[in-house]
Amino acid sequence: MKPTPNSPDLAPLLVFGAHPDDIEFACGAVIAKETRLGRAVHFVICSRGEAGSHGTPDQRVAEASKAATLLGATIEFIDLDGDAHLEIRAAHAIKLAAIVRRVKPGLLLAPSLVPNQHPDHWRLGQLVRDAARLARYGGVQELRNMASHTVAHLLFYAVTPEAEPRDITPILIDVSAPEVIAAWTAAMEAHTSQTSARNYIELQITRVRVNGLRAGVGHAIALFPNDALVLDSLAPLSRGARRF
Amino acid sequence: MKPTPNSPDLAPLLVFGAHPDDIEFACGAVIAKETRLGRAVHFVICSRGEAGSHGTPDQRVAEASKAATLLGATIEFIDLDGDAHLEIRAAHAIKLAAIVRRVKPGLLLAPSLVPNQHPDHWRLGQLVRDAARLARYGGVQELRNMASHTVAHLLFYAVTPEAEPRDITPILIDVSAPEVIAAWTAAMEAHTSQTSARNYIELQITRVRVNGLRAGVGHAIALFPNDALVLDSLAPLSRGARRF
Amino acid sequence: MKPTPNSPDLAPLLVFGAHPDDIEFACGAVIAKETRLGRAVHFVICSRGEAGSHGTPDQRVAEASKAATLLGATIEFIDLDGDAHLEIRAAHAIKLAAIVRRVKPGLLLAPSLVPNQHPDHWRLGQLVRDAARLARYGGVQELRNMASHTVAHLLFYAVTPEAEPRDITPILIDVSAPEVIAAWTAAMEAHTSQTSARNYIELQITRVRVNGLRAGVGHAIALFPNDALVLDSLAPLSRGARRF
Amino acid sequence: MKPTPNSPDLAPLLVFGAHPDDIEFACGAVIAKETRLGRAVHFVICSRGEAGSHGTPDQRVAEASKAATLLGATIEFIDLDGDAHLEIRAAHAIKLAAIVRRVKPGLLLAPSLVPNQHPDHWRLGQLVRDAARLARYGGVQELRNMASHTVAHLLFYAVTPEAEPRDITPILIDVSAPEVIAAWTAAMEAHTSQTSARNYIELQITRVRVNGLRAGVGHAIALFPNDALVLDSLAPLSRGARRF
Amino acid sequence: MKPTPNSPDLAPLLVFGAHPDDIEFACGAVIAKETRLGRAVHFVICSRGEAGSHGTPDQRVAEASKAATLLGATIEFIDLDGDAHLEIRAAHAIKLAAIVRRVKPGLLLAPSLVPNQHPDHWRLGQLVRDAARLARYGGVQELRNMASHTVAHLLFYAVTPEAEPRDITPILIDVSAPEVIAAWTAAMEAHTSQTSARNYIELQITRVRVNGLRAGVGHAIALFPNDALVLDSLAPLSRGARRF
Amino acid sequence: MKPTPNSPDLAPLLVFGAHPDDIEFACGAVIAKETRLGRAVHFVICSRGEAGSHGTPDQRVAEASKAATLLGATIEFIDLDGDAHLEIRAAHAIKLAAIVRRVKPGLLLAPSLVPNQHPDHWRLGQLVRDAARLARYGGVQELRNMASHTVAHLLFYAVTPEAEPRDITPILIDVSAPEVIAAWTAAMEAHTSQTSARNYIELQITRVRVNGLRAGVGHAIALFPNDALVLDSLAPLSRGARRF
């Protein structure tokens, strides 16, 4: 049941991050796995991390670019309101919707909507959710020169344990393959300005190990779907997280 | 990406029902689809419907047997406490666990745990959830002569709208194929003692049409997983319920 | 127990919609029923639907005006930020509060606050909730030339199944009378620019039929109160949704 | 809009209590109000309070009988498993269903299902919910000599603040009339064996005053409906709890 | 186990209020108790109450200043968008974060995030939550001249019963000491422009009495922590709210 | 602020476990910390683990006794219905209540009530919650020869991640001290029959490390209080889980 190239199962994956390291820390192993399976992945980073305690904007852009390469993804940086200054604005959602129309992804990944985390995270998640809808509507003035686009799913990632939604049934993606873990670890380590100060890498590896133990595999990353899943049959449900 | 015969994706499906018509009304179309895909499906009915307002136990057993045949499933009847008398007893869970060990299913289907419905429904759902665990434990005295068995997933069905869990993200199974809907309708109509009095068939077809409209297909049945999903990659997520 | 004209039970109903067809599709049958009972109903539409995939703003204003007439309601259009551009601004809430003070309604209807729907819907719902409070406060500078007004209830409607709040006990309004269904259907069909593309009318009729089956009537529309109900006695509770 | 005698709005009210004083303390003022409006009210008390810290069973039966008279209700005592010994048994639900069929009430009142309270309270609430369904089913062997009966609503009361459900929108019943408060207070004081030790009466009066302040009246008691309300129109919604 | 002066247990308490009387009415008794124990408390009031139905801005500033003095707290007034006009802006969160860095509190108090209350309340709560995070981040341009600061806890207060979060386990602070209740009552009465019109003082005293009865003390105020508590041992858990 | 011996802060801790290793795996480090602080801790184990896949009852009793000694706790074994056979019975709750009256603990620890875990776990949690109430009631026949006893708190532990309640704010107990971790690890390793088959020890250490990272300490165990906390002041809130 491996997806074949050019199948709808390999439509591009578009991933939004509020800061240069959020995607890698939260779900870098999923990216590494998907690119190895042949899926195109594109990162859109909505600040240069200029409000962080460590690292200059230039350093952080360089680190994120290196990490994306290690994961097999392309990357671009856009300006919204700046790090630690993000606001919910219709203009932002429309800007993100234009990127959706340009990239034509099958799937979107964005930070979760749990509000008790970095204020930029949940705001970006909400903007992406709105953008996924606006990308479908034909009459939005600013988007009229691009064809409407409907994504199959918007999935949320959680940068920290507190950011995991409590009201969505998680989907655990098995990322146990050693080369996937290795690529992920390398991508996290590429953020040298961030990893000196706190145990970010350990936190993530540990969280993902707990999920792996739950799923009976080595490591697994939890993603949280915005909408009900639609399946042709029960066939994809041949594995569940019932080990303990 | 069709599952191949003998693949783990086609491990048997074991479905528990509290009364002779519950499975058919709640999710008969899913059964019809799975058996057409080559999956073995077995029904275990835990009463003869003897407390219902219409139909004798013999009639109801005959109706359920005919309906199972129409859906391509095998069927057996077991005695717990009797219709409208079901209680949560360890002995019941162990009895159901023995059936799990005998049938060795990949997936279980059972009524949802929402307590504001027929008292037998949620109690049976809870007994099945307990049974799925007991089937794994090696030392249960009454089960020692049968090999332990672990299912991949326990999925819940909802006989009525009120029985749909509000805290689980649903999985919508596309059952739009005309032959699937036809087999399902025939199976519901096989319960002639039940369908004269109320609009049960219309209720189910209408609910499933609303789900189909949400999913952008003809008809879809919502199932509710007990545990987190485990996937190898994002490939199965190529469709979502985002039409409205 | 029919309400008598001029009783507080017939105080005007003020209904807010984000787009020209939202009110009709979500709860047009409730409007038809209330106007037939003698209640004055006024619609405030907060965009001209200019971002939709179909129909020009002029067409859509004409369609909404026709639909309002068919339902027996008056209608006005106001400008906030425009279709698909609505933001949460204090100035908007104050503008809506001024309308509340002018119309002096007993009841408000607004789109639900569930955030996983069209971004304009839940934002308008939140603005209306804030407006209902601001209409009461005596010192708001922009409102000082109008008398304070307190509404009895704010009720939410859900344009789609996903927009139904899961944490509010619904109130089902019986709209089974054939003339009510006929007026509602005509009002939905008046939106000719919208109904060609998708099964919007079927979606709504089907949803409302499921609710009717739950309530043991032909058709029923679910509304969701923002606040606890206050009753003089248990007398209004003579019917419940317990049919299945 | 006063209900007229013999109208469905005045169908009997059947109230279940786990112990001799639960009904009076939790919602005695609602009883006093309903009997004054002409509704027949019947209490079924499922123990004699023999596990309480104060009062003999005989005393407590006498106190409850006096309190019921003060509130205008009739009363009977039944045996289930005894005070502090109640279990969820099908036979109990069937016994309660037989009482429902005998009394033919329009409305049921029972303790809430919140499990963090006296163990008998939520178990009785669950038994009553099951009984309300069993009373409808035609084929239950033990009930065949009595006609099926369907109640309009099951409403829950909360004996303590902790027992108030957090996921049901409350209905506040205005009990401000001085004669209603007086009858209620007298009924609580009739339980002389209980009121010496703790501030039960003050607790209840204070809770009900907070609800009254919320509703903009003197005193109000919160009840919690098991099911969606069904209304003919918006007319009964002329008052809401929006004072603060 | 009394905290000793200069211990981390007596780090300053910083309390934010949207209007001149919110802090006093919601949790004035907690303030009175803390200042009596030797903790420094500072109030930041984010409007002058100019949209209220009663009192001029000058009156209200004078009343709040008097109340703060009665409670032993210092007070300052800041301008955000004005009473009834508050919006969620990054600039506001940064402004509040600057105050956090200046005052260096151990604990923050802010209005709860429940959105069905005065629109300024929950917006201020959200701004304070964001501010607590921004105060920690080293690179925020506007804050670079002040040292980063991390608070131990952010606790929410509820001005009205409706504002109490339903998904956070409350912490009840025992405020039964007569001198604490007296200081609190005096502080509420200092808001003479507000207390003539409604039963605000009675509402608060009554709410706090219900909590006291739950906790087995005279009076108790419920606060709601934003984050998990961290304790060195189980020793602080020697009292619980289990009286009824 | 160390608690002094004989203070109410050091009242005995009574811990219930469904199987011989549950307490150690779920919260052994908390036990090790409390006994080091001078608190008496007593374990009551409600089966001999006879349904587990590994180990004989005699082995498991010996392992648990050794583990308790390593943690500084006393231990006793009682018979309810046997491993994997536990049912909710009033007689069980009364039996546990008698132990509460005999031990006179300040605090109770029991498995959480989340029903999607080993069926014995949540049932025992519910029985303990009921027992904590029954221990207070003076008139329970079977308990009349023992003085009533009221505990300060009932806290829940979670044997697995799935068993963590999602609707209770956790309390994280700092267990970072090396000697505490060492004692805990030794106690887990004492269950030699269990630790060969699965990664139970790694699962627990990893979970507790994630909590430690959240709390900014080495390791922390999450407990979940059944009731609101009651505090004399804000002093115990000098640490919070706000590190990420």
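For reference, chains read A, B, C, D, E and F in written order, and residue numbers begin at 1 within each chain.
Criterion: a contact is a pair of C-beta atoms (placed from the backbone, for glycine too) under 8 Å apart; a residue touches a chain by one contact, two chains touch by 3 or more.
Quick caveat, the model's predicted, so the values are computed rather than measured.
Of all chains in the assembly, those touching chain B and also chain C are A, D. The angle of the rotation carrying chain A onto chain F, fitted on C-alpha atoms and rounded to the nearest 5, is 180°.
Between A-B and B-F, more contacting C-beta pairs join the chains of A-B. Of all residue numbers seen at the chain B-chain D contact, under half occur in both copies; the interface is built from largely non-matching residues. The mean-CA centres of chain E and chain F are about 35 angstrom from one another, to the nearest whole unit. Between chain B and chain E, the centres computed from C-alpha atoms are 52 Å apart. Within chain D, contacts with two or more other chains are made by residues 88, 162, 214, 226-227.
Of all possible chain pairs, those that touch are A-B, A-C, A-E, A-F, B-C, B-D, B-F, C-D, C-E, D-E, D-F, E-F. Of all the residues in chain C, the ones that touch chain A in their complex are 49-54, 81, 83-88, 115-116, 118-119, 162.
By the touch criterion stated above, chain E contacts chain A in their complex at residues 88-90, 93-94, 113, 126, 129-130, 133-134, 136-141, 148, 226-227.
If you check the complex, the residues on chain A that touch chain B are 1, 3, 7-11, 13, 30, 33-34, 37, 39, 106-107, 132, 150-155, 167-174, 214-217, 220, 222, 225-242. Listed in rising order, the residues of chain A touching chain F in the complex are 159-162, 166, 198-199, 202-203, 206-207, 209-210, 213-214, 243-244.
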